[in-house]
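In the two complexes that follow, subunit A is the common piece, with subunit B as its partner first and subunit C second.
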Partner chain A sequence: MHPIVATILQRLGFGLFTLFVVSVIIFSALELLPGDFGEAVLGQAATEESVAAFREELGLDKPPYIRYFEWIGAVATGDLGTSFSGRAASGVDRSRSVAELVAPRLWNTLFLAGMTAVIAVPLALFLGITTALYRNSIYDRTVNATTLTAISFPEFFVAYLLILFLSSLYPIFPSLANIDDTTPFLERVYRMALPALTLTLVIVAHMMRMTRAAIINLLASPYIEMAQLKGASRSEVILKHALPNAWSPIATVIAFNLAYLVVGVVVVEVVFVYPGIGQLMVDAVTTRDIPVVQACALIFAATYIILNLLADIIGTVTNPRLLHPR
Partner chain B sequence: MSTKDKDVLLEMRDIRIDGFSDDRWHEIIKGVDLTLHRGEVMGLIGESGAGKSSFGLAAMGFARPGCKISSGSIKFDGMDLMAARESEKRKLWGTRIAYVAQSAAAAFNPAHRLIEQTVEATVRSKLHDEKEARADARTLYQSLRLPDPEHIGERYPHQVSGGQLQRVMTAMAMSPRPDLIIFDEPTTALDVTTQVEVLAAMRNIVETFHAAAIYITHDLAVVAQMADFIKVLRYGEEVEEAPTRQMLETPKMDYTKSLWSVRELEKPEVKGEDIIIEMRNIDAAYGDVRVLENVNIKVPRGSTVAVVGESGSGKSTSARVITGLLVPSKGEVLFNGEPLPGALKQRNKDQLHRIQMIYQMADTAMNPRQSVEEIIGRPLEFYLGLKGKARENRVIELLEMIELDASYLDRLPGELSGGQKQRICIARALAADPEIIICDEITSALDQIVQEDILKLLLRLQKQFNITYMFITHDIATVKAISDEIVVMFQGKVVEQGLKSEILSPPHPDYTQLLLSSVPEMDPDWLSDLLAARGEAL
Partner chain C sequence: MTQQPDTYSAASEKSNPRIRRTFLQRIWNGLRKAPLSAWFGLIVIAFYCVVALLAPIIAPYGEAQIFPAPYEPWSSAHIFGTDQIGRDIFTRLVYGGRNTMGIALVTTLLSFVIGGGLALAASISRGWLDQVLSRTVDALMAIPSLIFALMLLSIFGSNVTSLICIIAVLDSTRVFRLTRSVAINVVVMDYVEAARLRGEKLGWIMRREILPNIMPPLVAEFGLRFCFVFLTIAALSFLGVGIQPPSADWGSMVRENASLIQFAKYDMKAAMTPLLPAGAIALLTVAVNFVVDWFLHKTSGLRDEH
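For the complex of A and B:
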């Protein structure tokens, strides 16, 4: 077996282990939350007996470790469980499966993240490489100052500024990104323009500065001087000699930002009334809808792990020392 | 050899180069001239900091970041490089003027295959198409006697050894058949046994293609093999220039003579009887890699035992075993006849202070944020319990022993020269009141003149305090200068141990013979004679 395959399998194993640890942490953290679904639904006035009966019906009376293994066992077979909401004290059960609740929201979030990534990643790479190429020029300073300014404002503020300028004063894009399954693709993209733009402004600076720094860091290497003394032009030095050695840190920072697009955008969802998974999770926390919260948290953790795994793999395959051992 | 009839390739007049440090510009090259004809090889020698590299790069019209060529004229084959635009100079670089850097391991891009880098400049300048250039590169690999010349180019830099990389870099420089090659200390990072092969390959190929070359080095014996004439630089100024033989036989200037004299320092040997340290049947490994195999070394009290061998031979590992940094997997270390615990942690203070160590890189062996007083005072306090005024007085005493004085107490390592830093490290070792000091390549990062001072200091201290030295080095000149006994190591084993006079005079075991004969001598014919002799032996 090629050592790279072995490394990837090993990382995959570590990823699964991390996911397991995270699931324990998620479960324990939710155990520690004050109050439970029974009390939340039945209200303060409910008798102890009715709360106990309700808990028994939901299986909340069993000891935590049994509930954990029931949950994780089901998750392992692809069953995320049933949402608590829709169950009323009267015993009427209109609950839906967690998968049914989460899937459309997750799709929306991934769509927004994907659209943002398609704009932000190439933009950040382009800006990072060109600022490294023309470092300390006016162009470099301007790009740095602009992206830093954008990242310094809170997301909601950037969002409102964009709404003010691109929706109220100059009505180019809609201020609400309310979409559903029936929205056609182009209409979707059009309505999501402002949230995608907001997120782009939020994440570009980080990725661009890391790209620039990773390249400039290498410019002091003797092999860069050698390339210059072999007559390579400035752009050749950067693109051919520095960039291939800089992918590892760049991939790491891109992975980090893409993960943020999936797990950290609830504020932007709220501002644009976008039906993403962040809002779903916040709602589920307020109603103590434990199965939904657990599912969302697990999805977030998996996102981080998968993206970091990808960054690791990119770091490995772009490093000839690992790809071609002695 | 008359050079008047040949045409001038490179002419540099009154070159001044400024370097930026401590917030201002300093002149590092102060008006040096150079004339080089086609096919000529010039040796450029001097200590580090003499401005050799900056001057060599200026021949390409290139200045490193933080340097600038402030005035002078550079004419390469009729072209004025001072007036030339960057894009015009780039057309010369890598095609008509090539550069061979000091550390091949760092000068190759780790992301590209060797042959891609070898032909890069040739293909860019459209001298050849990719296919022709690659075929030619393989021929060059062959003439540089690289193993498997057909396929070695497909490897990545980390997959070949340092000596092979240095030869690939020579092939890279040669690929476009340049008129001028600048060799910047190309063999300094190599072992002597590897150095010989690389030198022979480089000299051969430079002669074959009639290229002119500037060969920069601090090693006189090396430059004597390569150059038609030699220029000596010091503090950014030319000391003298003369044809190689003349320079070696009758150097005119005092400074040049002093460069020569270092090699003449030689301590009379003494046979020691009282054994202070003995490594008995030692095996040691890093993880699964066995690095020492049944090593037996005896060090007599009050004498100097030099341990020689190329990198990877187990010299430093032996030191780590004696000091307790590496626990041997087999065998024991006896100190004054008593076995020492293998691990550092099991040794008590009384055992610890008697064995001290000095390292190759004085820079990294000292905490850059501690003053000289703290650095030397720490072992005084830790081992001997000295505090306050007593400690300060002792530190001053120690400073005087190493020929410095109380004015250095508050200095930080960054404010000292290379030689002074190494002196502070010696004082720190002395502070612990040791019986034996292990010196691991302590002079190899220093210039020859500074080296000589440090060696003299060590000899004086030995006489004064009857200190024992175990002196690890790969430099035979240093061995001759300082040692009583010599241990030769190869691939983790001791080849032989004995008095200096015995080891250095024939008959030798094969490896010792190879090692000794590979040490360059101050004789321009040395390399040719050696190759001839080895050729016969083959």
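For the complex of A and C:
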């Protein structure tokens, strides 16, 4: 087998194993619940029978490993269980299925993350390459100082600063990103401008600095000196000679930051009241709606693992040296 | 020390005297050469610490004292006005700093005790203990820590004890990684082998042989971890699942007063109110980062970019 295929298969296998372990951890969340949880969900007035029925519905009468396989099997077929909210002691069950709650919001979150990536990745590459080209110039220093500051600010600080300047003082963008299915595409992009901009500011700094560092690192190598002695211009040296070798670290850091986006999205969604999966999760945590929390955690963790796996694979494939370990 | 070199001369030793400086003098010497950014960071951190320690003296009112007028504008009685139920913002800023920083400090210390201790034990004993711990850490690190913290908080409920324990355990995974990677290089040294042969116990080797040699990267990591924990707690409180009222803290203060931003056109001062705690968080993060940068530059140790 070709070594690249073998490496990829090995990484995929490890990724799958990680996913399995993570799903076990998330599943055990229900195990750790205190025993009187049925009464807590159904309310004080719940009868013995309804609590018993609720416990049976959760499958608490079966051993954990059987329940795990039932749960993971259901998740694999898209059935994420039923929300705790909407249940009452009266026996009337108004609860909704978790999949129904999660699906539209997941699409919204992916849209926001995608929009941020479309803005942030080209911007970071452009800034990284130009600062490497004109390094130690005023431009380089300004960009560096700005990104360093942005990287150490908490997301909600950046978000509220943007609201203050771009929405309150100079009403250019709306401060609330309330969208629904019927919102037309352009309107949607316009309303999501501020959340996307916040996330962009948060992740661009890291990507840009890594791009710059990767290129500058390569500039010390002999083949770059050769190109310079040959008489190649500065931009030619960087774009034609240095950049192709820098792709691997750059791709890795981009994938890492997209994975980071998954976490950053939670706070930003709450600030802008954006109907995404992060806000759903926070609401579910406040009301201790465990099935929804589990589903959201599983989705976030899976995205995070898959993106990190992707970063790993890209890093391996684009760098032939990693294919031959010591 | 029984054998003296034959050609010992007092004059040669006298010619290059080595001045023994006291601990404080050495610190001052290091500080004198520190760049402006590090000085700025140190002054900010010192200021924050003083405010946090002297909170009851500095704050003009009680932490949860309620005044009749909510959303009072900035005035001499209430320097930064009052919040949505009439509590003095300045007082809550001071107490909020005390609460958030105190909890973050305890959490970071706990995560270093757990993560650092386990990492040292793993790197010394190797074998199955190392394997089990390393793989567990790998699995825990595969879940983004904010998401994990949210999930655990929904199970254990939002109170300060569970907040501290959850974040400390989640954060100790990163401490474990770093400590193990630096300790593994020290463990193979001859003097550790010598200590082992003399029959020293695990605790002694950890404390007296390895820890002093891996201190600089750990100290720097402590600063960075503190920032990270501090931001996580602020973010969780901001989301409403961290530190619970009536305790003041910067994260939830931002959330409670956020609506004031909408009135920036009419009253700029009021619009600044939610930005004060957010700015305080940002300033502390920047300050700690400056100091850590300088410290790392000085000791040129490892830096864990994450």
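FYI, the second predicted complex is superposed on the first by the 279 of 326 C-alpha atoms of A that agree within 3 Å, B and C clash if a C-alpha of one lies under 4 Å from a C-alpha of the other, contacts with A are read in each partner's own complex, and residues count from 1 in each chain.
Operating definition for what follows: a contact is a pair of C-beta atoms (placed from the backbone, for glycine too) under 8 Å apart; a residue touches a chain by one contact, two chains touch by 3 or more.
Predicted model, so just to flag it, every value in this text is computed and none were measured.
Student: Taking the superposition on A as described, I'd like to know which of subunit B and subunit C A:318 touches: first, second, both or neither.
Tutor: first
Student: Once the shared chain is lined up, is A:305 touching subunit B (first), subunit C (second), both, or neither of them?
Tutor: In the superposition, A:305 contacts subunit C only.
Student: With the two complexes superposed on chain A, say which partner A:212 touches: subunit B (first), subunit C (second), both, or neither.
Tutor: neither
Student: Of subunit B and subunit C, which one contacts the greater number of residues in subunit A?
Tutor: Looking at subunit B versus subunit C, the one contacting more residues of subunit A is C.
Student: Quick one: classify A:105 as touching subunit B (first), subunit C (second), both or neither.
Tutor: So A:105 meets neither subunit B nor subunit C here.
Student: When the two structures are overlaid on chain A, which partner does A:270 contact: first (subunit B), second (subunit C), both, or neither?
Tutor: Second partner only.
Student: Look at A:155 in the shared chain and tell me whether it touches subunit B only, subunit C only, both, or neither; answer first, second, both or neither.
Tutor: Touch status of A:155: second partner only.
Student: Which residues would you name on subunit A as touching subunit B in one complex and subunit C in the other?
Tutor: none
Student: Of all residues in subunit A, which touch subunit B in the complex?
Tutor: Counting only subunit A, the residues touching subunit B are 220-223, 225-233, 241, 244-245, 318-321, 324, 326.
Student: Quick check: in the complex, which residue numbers of subunit B touch subunit A?
Tutor: It comes out as residues 57, 60, 62, 64-65, 87, 90-95, 98-99, 101, 103, 106-112, 120-121, 124-125, 155-156, 158-159, 172.
Student: Show me the residue ranges of subunit C that touch subunit A in the complex, using the header's touch definition.
Tutor: It is residues 138-140, 142-148, 150-157, 227, 231, 234-235, 238-241, 251, 254, 258, 261-265, 271, 274-275, 278-279, 281-282, 285-286, 289 of subunit C that touch subunit A.
Student: Mind listing the subunit A positions that touch subunit C in their complex?
Tutor: Interface residues on subunit A, with respect to subunit C: 18, 21-22, 25-26, 29, 32-33, 149, 152-157, 160-161, 163-164, 168-169, 175, 259-260, 262-263, 266-267, 270-271, 281-282, 284-286, 288-290, 293-294, 296-297, 300-301, 304-305, 308.
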